[in-house]
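Please read through the structure below; I'll follow up with questions.
To keep things simple, chains are lettered A, B, C and D as they appear, and every chain counts its residues starting from 1.
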Amino acid sequence: MAVEMAVTLGSLRLKNPVMLASGCCGYGLDMESYLDLNRLGGACLKGLSVAGSEGNPPPRIWETQGGMINAIGLQNVGTRRFIEEKAPRLRGYDTAFVANFYGHTVEEYVEAARQLDAEPCLAALEMNISCPNIQEGGIHFGTDPAMVHAVTKACREVMRKPLWVKLSPNASDVVAVARAAEEAGADALTCINTMPAMAIDVERREFRIWNKIGGLSGPALRPIAIRIVYQVSRAVKIPVVGIGGVATANDAIEFLLAGAKAVQVGTALFADPQCPYSILDGIEAYCERHGFLSVEALIGQIKDPGPRPGCHE
Amino acid sequence: MGVGPYTVRSNVRRGPYATITVEGRVEPSKPGQFYMVRGDWGADPLLGRPLSILSDDPSQGVLRFLLKIFGEGSRRLHELEPGQKVHALGPLGRPFPRGAAERGGKPALVGGGVGVPPLVYLAEAFAREGRSFSFLQGARTKDDLVCLEELAALGVQPEVTTEDGSEGERGLVTAPLKRAIEMGAPVVYACGPEGMLKAVAALCRGRVPSYLSLEARMACGYGVCLGCVVPVVRDGVRSYERVCQEGPVFEGEVVEWP
Amino acid sequence: MAVEMAVTLGSLRLKNPVMLASGCCGYGLDMESYLDLNRLGGACLKGLSVAGSEGNPPPRIWETQGGMINAIGLQNVGTRRFIEEKAPRLRGYDTAFVANFYGHTVEEYVEAARQLDAEPCLAALEMNISCPNIQEGGIHFGTDPAMVHAVTKACREVMRKPLWVKLSPNASDVVAVARAAEEAGADALTCINTMPAMAIDVERREFRIWNKIGGLSGPALRPIAIRIVYQVSRAVKIPVVGIGGVATANDAIEFLLAGAKAVQVGTALFADPQCPYSILDGIEAYCERHGFLSVEALIGQIKDPGPRPGCHE
Amino acid sequence: MGVGPYTVRSNVRRGPYATITVEGRVEPSKPGQFYMVRGDWGADPLLGRPLSILSDDPSQGVLRFLLKIFGEGSRRLHELEPGQKVHALGPLGRPFPRGAAERGGKPALVGGGVGVPPLVYLAEAFAREGRSFSFLQGARTKDDLVCLEELAALGVQPEVTTEDGSEGERGLVTAPLKRAIEMGAPVVYACGPEGMLKAVAALCRGRVPSYLSLEARMACGYGVCLGCVVPVVRDGVRSYERVCQEGPVFEGEVVEWP
């Protein structure tokens, strides 16, 4: 029995549901020695901005129990140099490259979206909204449905490619943010970005990370991400891409059953750059074992007993 | 590039130090390169730990590291028992450049603590090629001297300095290094604690090219996370470079110290 | 050098900064075989409501990487039976018992607060606001500053004992929630409760937890908790109590340096009910090694380089 | 109550099964009690795993478990090597009540899979006291029969049923149990998979008291988390009771099956 691995996210068809996560595979090219990108569903590239960024001073990372904190500071070469220097080398691949982009104002988002939309090697754009809005006193875009609506709409208007919006877990009502993005024209939602976190070196009494606060990623985050994928995928009609702590096929299947149409692998690549292969093999074997003819048939297929209003403690 | 399951062949412990030999498919490497090493455990610790190659033998599929307990990750590696599985990714990073060593004179190899292993590997390469060189090892105290057996096996007599005078010359490794430079060392290769590297860079600046192998916290070790950067200045332009990719070996002249 | 271990939270003095967390030590009594409660700073008891609760059906717990999910459903005997049956056995202790309480309406909170406030064995009350407000369509109290203000104020008015408010990490702006509680008269803030989370049994395609969603606790959560303690303790004047993944002395010291006046130990008790002893010993040794004459001298003593506006990725 | 560091003395593996002996301070226990057991690793896995006491010897400070690999936690315990540290908390829970066994006749001990160890411990106690009893072990297939050596050492001849007939009687353990009840067993003690316990409870209901040792996911094992509850009905009143505290042994009559 051959399992149909392809999944469809709106107008975009991925050859399988396993992608690389933004910030965890550079511009794709650095993965070449380890992975045949053409075997993957796709890869989300390091977050880009119009101006580029040299990133934060070190230390930028710290490992925690079951996870890690990073504050890279979105180091990137800028959209222009990306298009000139990196994109040409991506054009030969037969996989879906998704450019992740951000800004500090709506205008910066729109300009990045406009430039990247014109780049033929990209299958879609993924908007990172876990950034401070410097016009609104530094509130993070992603925590506020109204700001998410505004920035999504503004970008959608200047683009032709599919627009994915990547949600932050740090929102009181992530479903409201998801709905705002959908209403404003998002084509898919990526759930989730990292959770703001901190660690302290008690011997030196110093922050472990230059930026004090960084983003928590890895397996520690997965139960939060699964919950959000489940909540969001039931609340919107557009496809959801699951991300957060995927390291094994079982992890990926958890996301698919919860309602994600595809998954992205981030932190797990650091310990094992080839884990996407075993994830793919495992998903296929699972489908065979459980009689699913396609990955699509699996999506959202958790047996759901309906509303459960109990308390969390 | 090896992304492999390896098996611990032996783990010889001496206090906080351990010489760990693993077996598996080993790709050819050069002195100064490293592996990301992780035990076959759960998600805590999550990431590999960068360890310099002490020696390897691709034909026999053997790889050796010298490890010192620092925190939790190295403590867990220190406890590995023969037969246990480990994951190792490598060889990674740029090796010590050899060009300057061609110029004649005796290159000076300067190591301290867990910075010694890559220099032992370099010494082995020089010895194999029949080049002469000087090997300086600095430590706080006698017990922190490492790889003495390996050096003896190579026929290398390290010049030892200890801060407390418990072995060799009392003081810092910069003293014999100064003499080595005065004696015409064409190039200095160094790896060790930040303070040592900084002093080596200062001493060499303007006199002799120095190549320093830096340490940085690493998540991936192969260039994708941008977690391991250090500020460098090249042609007056400051930027962040990745220790795992542009390094771990940098010219002393370009490194911007904290 | 004898280190002064006592800490003062408003009018309440704890003999040391290590407490047991609510829901992780029953009504205190179940810990007796393992711990001398009199050696601890205090213990927060299992969440109480006026009506009591039989709790959720099993399965109620699931282990995740570096953490666990629980949805006990706040099983409790109710305030009345607590006062009649449990409290008398707590009266002989020389430690600070804190009753944790909750409701599904403001009135339920107020009634629980009123009853517990009259119980002499209690040193303070801790309000759990991570519960759905059934009058407001099930929105969790803790995510909304206005609701937190209202419920805090209402309880404060009927009480004499110190009122602690226990914040949820699941708020877009946890600082706004903290300020609302402070303004409404809270005497201290406990940071943090569990994070909503989910896990799926992929072989059976079933939720791991009857309630589908449960609360994530344990070391996985600690970096999030440290960040929140740091943010909140800098924003309010009332004391902050740190909680989330404390298992070792270093973990506790991280919280104290971040700004917590005391810590609570929850999930770590499950694997080692005696870990509070080693935490206490470790804090004392740390103070000696670093020349702190008292734990109070340590609080908030992270070397802070000031604002760091970098991005989290 | 022991909250102790223990050291693995031996770990004898047979396929997915392992008989693990640990040494440390051991408090006296009774058959049916268990320990929460955890290796000396990081935060993944985080919690101890409940394991029934197979046998112990407080005077020698020795404790034995029979373990089967189920998921990640038991896989890690299966891999423990002699000399490694483990944490164990116990003895925990209420043992098999012995009152009904005094009434004369041969109590029936019914076990399946990793439910067998506590019954071996009970059999050992009965054997020491010179009481006769019958021991029934059910399994899917021959390879899933456990503790045969331990039983032989006690001089116990278990009545074996396997579903595939690969050893002993073909069928379910309820067949010989029915005969044992007909022969006048005054009480039934059982531990095993849920299906087996449910069938045992049904068979015993109204005829003979049954004591079933239940399984449940546990976080603490000592009563504080309320994670391990099962619904029970006593005097018509339904409530949740803790498997770790009110159990793991419950009267068959009170258990409400899913």
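Simple rule for what comes next: a contact is a pair of C-beta atoms (placed from the backbone, for glycine too) under 8 Å apart; a residue touches a chain by one contact, two chains touch by 3 or more.
If you're wondering where the values come from, they're calculated on a predicted model, not measured in any experiment.
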From chain C, the most remote chain by mean C-alpha position: B
Centroid distance [mean C-alpha coordinates] between chain C and chain A, Å: 32
Cα-centroid distance, chain A relative to chain D, in whole angstrom: 46
Separation of mean Cα positions, chain B and chain A [Å, integer]: 36
Touching two or more other chains - residue numbers and ranges from chain B: 42-45
Residue list for chain A, restricted to those that touch at least two other chains: 23, 65-67, 70, 72, 219-220
Graph class of chain-chain contacts, one of line, ring, star, complete, other: complete
Chain B to chain A touching residues, read off their complex: 1, 3, 36, 38, 43-48, 73, 87, 89, 216-231, 239-240, 245
For the chain A and chain D complex, residues of the former touching the latter: 65-66, 219
Chain A residues within the chain C interface of the complex: 22-23, 47, 53, 56, 64-67, 69-74, 102, 128, 130-132, 138-139, 143-144, 170-173, 193-200, 202, 204-207, 210-216, 219-224, 226-227, 230, 245, 250, 253-254, 257-258, 286, 301-305, 308-313
Contacting residues of chain B [partner chain D, same complex]: 41-45, 72, 76, 81
Chain C contact footprint on chain B (complex, rising order): 42-44
